[in-house]
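What follows is a pair of complexes built around chain A, which joins chain B in one and chain C in the other.
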Partner chain A sequence: MNVKAEVLRYFDARAQAPLPGGTEEERLGCKYLDQGIVDSMGLVEMITSFEALFGIRFSSEDVQGYEFQTPGGLIGLIEKRLAEKGTS
Partner chain B sequence: MILGASHLTFAAAEPAEARRLLIEAGFKLEFEQRRVPNSPEKAPFLSPSARAAETLDISYFKGDRGPALELVAYPSPGSSAGRQFIPLFARGLPAPLRAGLPSWESAPKAALPVATAGPTTTEQGLIALACPAQDLAGSISFWREGLGFSASGGGADWARLELPAALPQWRLKLSLFTDERSTEAPTLDGLGFRCLSLLSSELEKDLELLGRTGAVERSAPFALTVNGKKLRAAVLRGPGRELIELIEVVR
Partner chain C sequence: MPFVPKDVVFFPESGRWVAYNVFARTAVGLDASGLERLSRLDESASGSYKIWDVEWFSNEECSLFDPTGYRREPAKWPKERLLPEAEFMAELKKHAIIADDEASYLARFAPKRNLADRERFGNFHQRLGQHLLLERREKPAEWWLKQKFTADQGGVRKDTLYGAVQLPFLRTYFSEVLGPGSTALDIGCGNGFYANLMAERGAEVLGVDPNEEYVAFAGSRARKNARFRRAAVGEPGALDFVASGSIDFVYMSDALLFYFIPLGPKAPDLDLLLREIARVLKPGGRFASLEPHGVFYLSPWLGAPERPFTIVSEYRDKKFGTAPNPGRLLNAVLSRGFALSRAEELYLSETDAAECDARAKGFAAQFPIWHLFEFRKA
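The block that comes next holds the complex of A and B.
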């Protein structure tokens, strides 16, 4: 499964507003929580949706961490959890 | 996993007046919902009169910071008996809303959060909660291991905890302090600040964990729709008989 494509598809389809930026790099670096692109209820839905889609579990530390604040960081985090799952 | 603090529930003898005063105090009315079905699973946590009610009304307020406030109105006002949370608001609350409610003066001075807003702040919102505990060590364990709070300070008869969260409005400071007096169990419809609602990503798993870390009573999960959102929730009592609601957003 292409994690980047799935994450960006989720933001395109479900976020309150589109990710800003003219380039993919800008979109991946967007601080979506600070910018209100995902609101509080949307964030809860996003976490549970990604956990179900990728078959992973985020930890409290994941959700509270810096990586979680941008789509790019989130993709890295999901890939890390998938790699752990594959080796466990 | 507990994602953060959603809101603190408030019940007042005169809900319409409380609504007006909360807006005057700087809270913004986010939405109101009339005739929300009163789930039978909540019965053990309600007074007999509220148990008989088929519905309740809710008004949901947001401040500039911190978790939201949910004003609940049952057909008849609840009792003022039993322990409750003691909130600390950035700009305080108008005197009529504070009348008859416990204040932070009942907690040890050291338990107050270090960084509180000054009296001249223009922001309104919930900064911190104090919660009396009959068994301080048991309560600390419940809030830390069961609900994901981390310790930020403490003394012989108090502890300061914090709930970290992805969103600033989900974060909350909590001060637990020893109060060995035995009182009757608070109810969800009781006057004052009776229930803290927390967001859960896995309701059953979090309920099971809380059962192992000191919850003394738990409801079965129940479904509800609030402001168009489909939710699942459960109510439980912590070791100090404090009321906690867990909310899970249905995908």
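The block that comes next holds the complex of A and C.
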């Protein structure tokens, strides 16, 4: 599964506003919580959606960590969890 | 150079130490060598130090289960981590036991910007939301009912101070102020338990709440002389269906505080609420508000269970706390056409068959967790 495509598709379909930025790099670096693109309930929904979609489980450390705050970091984190799943 | 903020205190715990930031309510467990490292922050070092993750959301089971925020008994501490110098220092910074400079440290005492914000400490409600939604994956509205009432919502949990302190007091108080023929209005009635308790005293009771689900549930359990209705309390016209001068007793519990320290960005309109209460009350009618004590509610439970002490870290301006101090609450109501007719601070009394733990009993016997103010129209 293409993690980046799935994550960006989720933001396109479910976020309250499009990710700002002219380039993909800018969009991936967007601090979507600080910018109000995903609100608190939206965040909870996003966590459960990604967990179901990728068959992973985020720890509370994951979701409150720095990586989780941007789509790019989130993609990296999901890929890391998927890799762990693959090796376990 | 990093420093230990003056807000940090150290408690002995069976040969180990807890470093505790009383404003941030953050903590780590240390041994003597970690503690010693803190005493010479001006020196560089290259050792490794043990750290125990003792900080936790200790209100997890109930808002009144030990609000202190760290695991006390070393036997229940998670296994220690041995961290090299740099990681040890980073962990101490994360828990606000040390800080790089005053400005960046103080900036952390601000509302959380979003649900995942761990840098800013936020207030109690924000921390609760973060813990429930991100760690327990539980809905806060359901938790609030579960932490106070039994699983079937038919009674108050006896293992909490709600059951040990608040309920015995209310049983007596309602008997004193209500009886057959009297009329009562419970504003913010929730699941209707207390409105039904008033109805058991013979009063005709109307319970109102903005939450549709609560009202539906309360209606399904209503006593013969209790009824429930949804009302957007705090909004204009919300209580228009209650006739002027028709009520003997207006009751609010754990609701008035939100008019002072709001959940959202804007406080509801206290003027409007009190005007409406004055309007529906009969001449000589009472308005009683049972609220978390502005000093001791969520105050840390420290010391030995039988000799408790606490640390008051904020009073006039609340950053963490959720309840206004008593003077502010009283002045706000008294300046809007009411007179005080009764004031009670609620303690655990010896006769209460409390099933909560020794620390809760010890604290509640010495410090009031709630107060009740009763007013009449002036």
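Following the convention adopted for this analysis, the second predicted complex is superposed on the first by the 88 of 88 C-alpha atoms of A that agree within 3 Å, B and C clash if a C-alpha of one lies under 4 Å from a C-alpha of the other, contacts with A are read in each partner's own complex, and residues count from 1 in each chain.
Throughout what follows, a residue touches a chain if its C-beta (ideal position, glycine included) is under 8 Å from a C-beta of that chain, and two chains touch if they have at least 3 such contacts.
All figures in this text were calculated on a predicted structure; none of them were measured in a lab.
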Once the structures are superposed on A, label A:A52 by its partner contacts, choosing first (chain B), second (chain C), both or neither.
-> first
Touching A:S60 in the superposition: chain B (first), chain C (second), both, neither?
-> both
Return first, second, both or neither, reflecting whether A:V44 touches chain B, chain C, both chains, or no partner chain.
-> both
Taking the superposition as given, does A:F68 touch the first partner, chain B, the second, chain C, both, or neither?
-> both
Partner chain(s) touched by A:L82 [first = chain B, second = chain C, both, neither] = neither
Contacts of A:L8 with chain B and chain C, given as first, second, both or neither | neither
Using the superposition described at the top, determine whether chain B or chain C touches more residues of chain A.
-> B
Do chain B and chain C land on any of the same chain A residues, and which?
-> 33, 40, 43-44, 47-48, 60, 63-64, 68-69
Give every residue of chain B touching chain A within the complex, in rising order.
-> 1-4, 6, 148, 164-167, 169-170, 199, 201, 229, 248-249, 251
So in the complex, which bits of chain A are touching chain B?
-> 33, 40-41, 43-45, 47-49, 51-52, 57-60, 63-64, 68-69
In the complex, chain A residues that touch chain C | 33-34, 39-40, 43-44, 47-48, 60, 63-64, 68-69
Sort out for me which residues of chain C touch chain A in the complex.
-> 113-118, 129-130, 133-135, 137
